[in-house]
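I have placed the structure first, in the form of structure tokens, so that the comments after it can refer back to it.
Letters A, B, C and D mark the chains as written, and numbering starts fresh at 1 in each.
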Amino acid sequence: MTASPGTALWGGRFAAPPDAALERLNRSLDVDRRLWPQDVRGSRAWVRALEGAEVLTTAESTALLEGLDAVADRLSGWTAADFAAAPDEDIHTLVERLLGEEVGALAGKLHTGRSRNDQVATDARLWALDAVEELDGQLRLLEVALVEQAERHAGTPMPAFTHLQAAQPVAVGHWLASHAWPLERDRGRLRDARTRIGTLPLGSGAVAGCPFPVDREALRRELGFGRVSENSMDAVADRDWVAELLFVAALVGTHLSRLAEDLVVFASPGYGFVRLSDAFSTGSSLMPQKRNPDALELARAKAGTLLGELVGLLAALKGTPSGYNKDLQEDKALLFRAVDTLTATLPAVAGTVRTLEVDADRCRAALAPSLMATDLADALVDRGMPFRSAHETVGRVLLVAERTGRPLTEFPAGELQTVAPELEGLDLERILDPARSMERRASVGGTAPGRVRDQLASLRARLG
Amino acid sequence: MTASPGTALWGGRFAAPPDAALERLNRSLDVDRRLWPQDVRGSRAWVRALEGAEVLTTAESTALLEGLDAVADRLSGWTAADFAAAPDEDIHTLVERLLGEEVGALAGKLHTGRSRNDQVATDARLWALDAVEELDGQLRLLEVALVEQAERHAGTPMPAFTHLQAAQPVAVGHWLASHAWPLERDRGRLRDARTRIGTLPLGSGAVAGCPFPVDREALRRELGFGRVSENSMDAVADRDWVAELLFVAALVGTHLSRLAEDLVVFASPGYGFVRLSDAFSTGSSLMPQKRNPDALELARAKAGTLLGELVGLLAALKGTPSGYNKDLQEDKALLFRAVDTLTATLPAVAGTVRTLEVDADRCRAALAPSLMATDLADALVDRGMPFRSAHETVGRVLLVAERTGRPLTEFPAGELQTVAPELEGLDLERILDPARSMERRASVGGTAPGRVRDQLASLRARLG
Amino acid sequence: MTASPGTALWGGRFAAPPDAALERLNRSLDVDRRLWPQDVRGSRAWVRALEGAEVLTTAESTALLEGLDAVADRLSGWTAADFAAAPDEDIHTLVERLLGEEVGALAGKLHTGRSRNDQVATDARLWALDAVEELDGQLRLLEVALVEQAERHAGTPMPAFTHLQAAQPVAVGHWLASHAWPLERDRGRLRDARTRIGTLPLGSGAVAGCPFPVDREALRRELGFGRVSENSMDAVADRDWVAELLFVAALVGTHLSRLAEDLVVFASPGYGFVRLSDAFSTGSSLMPQKRNPDALELARAKAGTLLGELVGLLAALKGTPSGYNKDLQEDKALLFRAVDTLTATLPAVAGTVRTLEVDADRCRAALAPSLMATDLADALVDRGMPFRSAHETVGRVLLVAERTGRPLTEFPAGELQTVAPELEGLDLERILDPARSMERRASVGGTAPGRVRDQLASLRARLG
Amino acid sequence: MTASPGTALWGGRFAAPPDAALERLNRSLDVDRRLWPQDVRGSRAWVRALEGAEVLTTAESTALLEGLDAVADRLSGWTAADFAAAPDEDIHTLVERLLGEEVGALAGKLHTGRSRNDQVATDARLWALDAVEELDGQLRLLEVALVEQAERHAGTPMPAFTHLQAAQPVAVGHWLASHAWPLERDRGRLRDARTRIGTLPLGSGAVAGCPFPVDREALRRELGFGRVSENSMDAVADRDWVAELLFVAALVGTHLSRLAEDLVVFASPGYGFVRLSDAFSTGSSLMPQKRNPDALELARAKAGTLLGELVGLLAALKGTPSGYNKDLQEDKALLFRAVDTLTATLPAVAGTVRTLEVDADRCRAALAPSLMATDLADALVDRGMPFRSAHETVGRVLLVAERTGRPLTEFPAGELQTVAPELEGLDLERILDPARSMERRASVGGTAPGRVRDQLASLRARLG
């Protein structure tokens, strides 16, 4: 790319054009080109604001609006290669140049009282408001996929794990729903973020405010924001909302990584609790027998790269002086990347969940009697023994079972009682039944099938 | 530290005690000891819940509550060294052991239906709810300090900078207020986080729910939570809220770093816009003339370390399987460190702001006439010239001024017009007056002194 | 803590003592107190350098050296509480104050030509040089534990996994050794870091160099550094080496997390390839049957927190101006924390590895015939079929096996050939033998038992 | 993009093609397409290795090599749009498909004994070895630019700052050189990284090693690696070297950010120590008078985004099980982005440094007499006063000067002595001369002009 002094919006005072190395580093068009619809939309609103402030006549305003429509028509047909070939520094420069091709010198009136500082902040927020809707919808679809599978298995027992050691029986639907709640919280975070994104910076000028009497409330209404910014210096430099979105994205990534980890482990041959569909498995170029959960592994990795985007932004913002600084330009590449990552990952994970099959037999086969150890201790508690002593007693019984290599259910009647006389008279068969164990956990949030159904209804209500 | 099998809550089934290396790594008491008030508070509520579920008799309940009070009395007198000398694995083990010293074997009934998994999650949330209040109050105090200084200088002009190049005149109060708004948004984020923190996990057991009919709504009311968790697996593993708090802390850190950067630069000899008080400056062990802004530099650095805490948590959570995993234990060190960092930093920054002096003369002296270049261009716009052409014209004028080394205000009448005939007839003296430049920016969020006062009133209203 | 103007090294010019909020934030003694041996050692060397530069007489030098010895004697008996009670700002101030108690006003000569800037940089590097040795030794011990177990199982077959799907048979020793190599690379990184740490900053003054003719080469020799710094501004601000150590620590953490993940999964009930010893397992306060791999889970989490320390430092350094800035003070808390984390984690992981038992039967039982699919394809390749076609052919065979639910080895002779005539004449029993599969992989780095033994010998040679 | 089962290298066993959502997420061609030269180069070497192992005949080998040359010819003309239109999953699949178009079914023999796991690891290392050379050269050019400017100003005095407060006089060349040393260390880190990158994974198969007798030493020599990997499981999963390169990149970014911060501050109106050339300044779309240091601000921000890439990788690697996992695919986007960032940033920073002008007058004007405070204290030390007392004395003098608003050099002869009789007889004019202050700092690494020249010669020697 050669220096193109003619296209920059600021060349008047410079004796030499920018060096090619500077231009290459500085140029943001390859990133911000996707903001063209927002740039045109914001510019249209600005034209009306300038007309309202009597900076533009009605005729000028009309001509500029028509010109902007023509620009939008042209840009809607541009390919990546077209943008790459454009000599402009950024999307704002490009739109203004094209506008000049449409309406001539009148285009030079568009930037009155506006700066690229408040302009780009407005464009990016407009883009983000749409992105939030998109992400919310995709999160919802993944939750629906989880809830649908959970409804199918609201009573199917499987071991719950802690420390990846089998802990207690739970319903498969309880486990699946446990991955929906974090995503539901993320949707709440998106809603909170949206409120803060919806603050309009346009009309803040470069840093000190707008010197023309534009009606910012009218601007706000036209562009669909919730409030207007109250300090121009803050307005042009505020990238909090990008950080907040990137944080929510990183947290969504973390949640996907935990779901992915569960599914990768439970789809692995040692467990086989779930089987992924062919449509969401991949093979190996060398090993014909492989069925690989690529989408889940990539989702797991994205937790890392999404965290990287968040770090990238916060570290870039750290220590910058007040007002607009060029450092802020980095925000868009990070924002777009994070949103693109999620919009590519969420449908693949949702599809994986929607099409997987739960192998109820393998789930059930993994329910060793020792998973009912707490139920056994509770039975002693019901007779008045302190839980701590009951825990000790059951621990001793388990040690014997482990050393003799027999599950608790395979001891002849009475034999366990010789180890632990406290067990005398307990109905071990009933106590060691996984279904009873699940039924007992009937307080709110517990895995008793009825409670699981309540829970799924509650999720459904939230999903609208 | 030697292995202490007698104190662990889980030794029954183990043939050998934990190795010293494991104990050293595993022990969390040095971190979680500060949770003792929350642990006692949660345990008291749990005793009442067990009584309500008829697991405990009223007499047992009364004895346990009195025992817990006695434990609290004892612990309130403990020093760091006392905790360091305790043989216990964590705060829960310690509290239960001390309770045993108070009430004997009855203490063994406390842990019925409860797990350390739901217990620690409850303790930490209780602690965090207090921490949020504390942080909110400290943020408010810093904002008040900024607003008070801003009110003193609502009309004092200074240059606003973009790219650390002087841009346009703004009120000192406008600049100071620009640092209050981000903190005000952070308070909003804390409020949103508090809602999510206020979900009660107690009553979720280890992972599958509580097998005794405890009334979780009553527990919720007693402990001051807003809602109860609806999925036990999620409840014991959810550390989202820690991540959210750490994110808000990192963002507060970022905001402090930007304020600090401004003050460090503006207190440096090249600017001297502000002078830090002796009480918030430090000296040099070698150079007697130094006055160093240590508090601000540390605040700036904390943006980095707070970001590190956030990364530490999210990376630790990434890829963990569902249910409780020991990985989650890392959350508390990170949470405590982040909150401690802010509660040490915010008062020092607030004190620095409260006691600094603005040097209005040096601020004013930095207002070169070229800062009114946009005003000059706007004057041409007022005559109908497109802004883009006006920008070019003024650029040419400035180039001449720069090359001849004279400010715009020092050109003899008419000389600039030979460079740019377009300037003919303009009242340059008036146009180049910083006070007028500020007054012109009277739209919402602008730096016109009246608008600045509106803005400060709006902040005051938010600060209560 | 109240303000203590009397103890600061820089109070001369200040009209008011530091505010308590500033003191609290600024004070680093609770962190840097562990540097006292290095501070004394560096001060002793400085005394000799000042004597060599004729700033001190021999008698003064002798008295100061004796005084420093006395200070060291006193400090070696101090507890954490003693340091907490000291009124001093940092370790340097404390040492100089105590020296004054020993030798009177003469102590005031120690700081001649030296600044805390070059002093603390020297102390921290001395500390780090020891820490590198310690970490190197601990990494070596973990590698030895891996190699010893690997030697025991150099020929025991198990499935290697990719995508956590069973891939091909490998020796258990091959798998274990695969976790030693990354640690061996980390030791190489530590060696490289040590070279850069070994640059002496002492003698750089505050920022501009030392104005007295001290012999920095002699200082270097006495303190055991490899070279002297060549630019005083860089010397007092260089924290690269901290970042480098933190990076190596984070990478070690990542390696531990991958080892931990393998062991957590392989110790879980679905696999049972390894069984952790009682001494490196923990139990549950609620579930008597649990054996939890806490040390491994914590090791896995530390990959996150160690990454956080690295981020903390790099983000804190980012954008600081040249020369010493107080921001740099954050380096020590991060450095100490990272080293402490590893020195607590590495022995626990090494102990876990050293004491685990491999269950060769469960490893063997997991070797489904489909793991030899590549071998089957290779057999077709040996007959001249292109690998890509052979892969397709075997894929078809596997699909049949999967659909009929039979392993490849359980098809009656000739039946598979009806699906894939290309298999005609192949000795399927031999081809599907895991031992042969392993033996075939005899190129360097392959899992053939002989190669594994070569590999372990190569590791042994590196471990000295 | 529609599912394209025909092109995948692994379809044989799958009943359904991959879902579009999976394909979209999984496809890496848009990232890894730039590896085509390395993929062809590695494939050529593999053909020769297979010939050496007698898996291919000489005729087959010759045909495949010619075919690969033809593929390379075709790909060298491809545009981004061509790659975007290709139906292939990744670069390996694309190359093999095109090879099939050239040589027919014979192409199916290329992948014998090789997996995409060892293949992509080899391709990426080959790419990185070139990238290291490129970065080394660019770092060198920036250092040369710094040294050239430093040589021009080896004796020009300016204030050195600590805490951004003026500290002591240094040579401008000393300050500039202080930014070269960190980069020189980074070049050393690149050299160390290169050694570790230069380990050849090819010949490791998918995970268990290569079953054909290929000569990996011959492969190593042909591809220019320093050694061959010794464990196949490690070889296919090792991404340490990517992390190491990303760390070096993040550290380079940190160094650039500190240089940028200095230049941004020193080019700002309060200092004006340097003036950026027009070719490396940009203007404002609104404010005609602006000269913005965009390249420096972007360089400063890149420290943040480069840190983000490092975090992205380490967090993605954390906790992955052994062997190849799809998570590893993320490495390339991060690696390419980090290298691209530096190769765009370094030339712009180098150009900025090369073309800036030092304003020696403004540098000199900033040398307040108080910068010689340490020299004054040292003069008292020369008379035998302990430094600590001298520091106090000078502090008192400075307080008087500050309160009366007069620099030390403007006190009438004898007046300062009334404040501090200890000053009696000192030649204050000489002591307060910045040139003498610099000359005094003549120990190694000090700012005495002779020493600065030694230092620059030492840098020159390293730069070759």
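Methods note: contacts are C-beta pairs under 8 Å (C-beta built on N, C-alpha and C of every residue); 3 or more make two chains touch, one makes a residue touch a chain.
For clarity, every value in this text was computed on a predicted model and none was experimentally measured.
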item: Both-way neighbours, i.e. chains that touch chain D and touch chain B; value: A, C
item: From the options A-C, B-D or B-C, the pair that copies A-D, where over half of the contact pairs coincide; value: B-C
item: Chain pair with the higher count of C-beta pairs in contact (B-C, A-B); value: A-B
item: Distance from chain C to chain B - Cα centre to Cα centre, in angstrom; value: 31
item: Where chain A and chain B are represented by their mean Cα positions, the distance between them in whole Å; value: 23
item: Sequence positions of chain A contacting 2 or more other chains; value: 9-15, 111, 117, 161-164, 167-168, 205-206, 261, 265, 283-294, 297, 300, 303-304, 307, 310-311, 314-315, 317-320, 325-326, 374, 391-392, 394-395, 398
item: Contact footprint of chain C on chain B as seen in their complex; value: 8-19, 21-22, 24-26, 79-81, 92-93, 111, 114-117, 205-206, 261, 277-295, 297-298, 300-320, 325-330, 333-334, 344-345, 347-348, 350-352, 355
item: Sites on chain A touched by chain C in the complex; value: 159, 161-168, 264-265, 267-271, 283-294, 297, 311, 314-315, 318-320, 366, 368, 370-371, 373-374, 377, 391-392, 394-395, 398
item: Residue ranges of chain A in contact with chain B within the complex; value: 9-15, 55, 96, 105-113, 117, 160-164, 167-170, 174-175, 177-179, 181-182, 185, 188-189, 192, 196, 203-214, 216-217, 228-238, 240, 243-244, 247, 250-251, 253-254, 257-262, 265, 300, 303-304, 307, 310-311, 314-315, 317-326, 374-375, 378, 381, 386-389, 391-396, 398-399, 402, 437-438, 440-448, 451, 455, 458
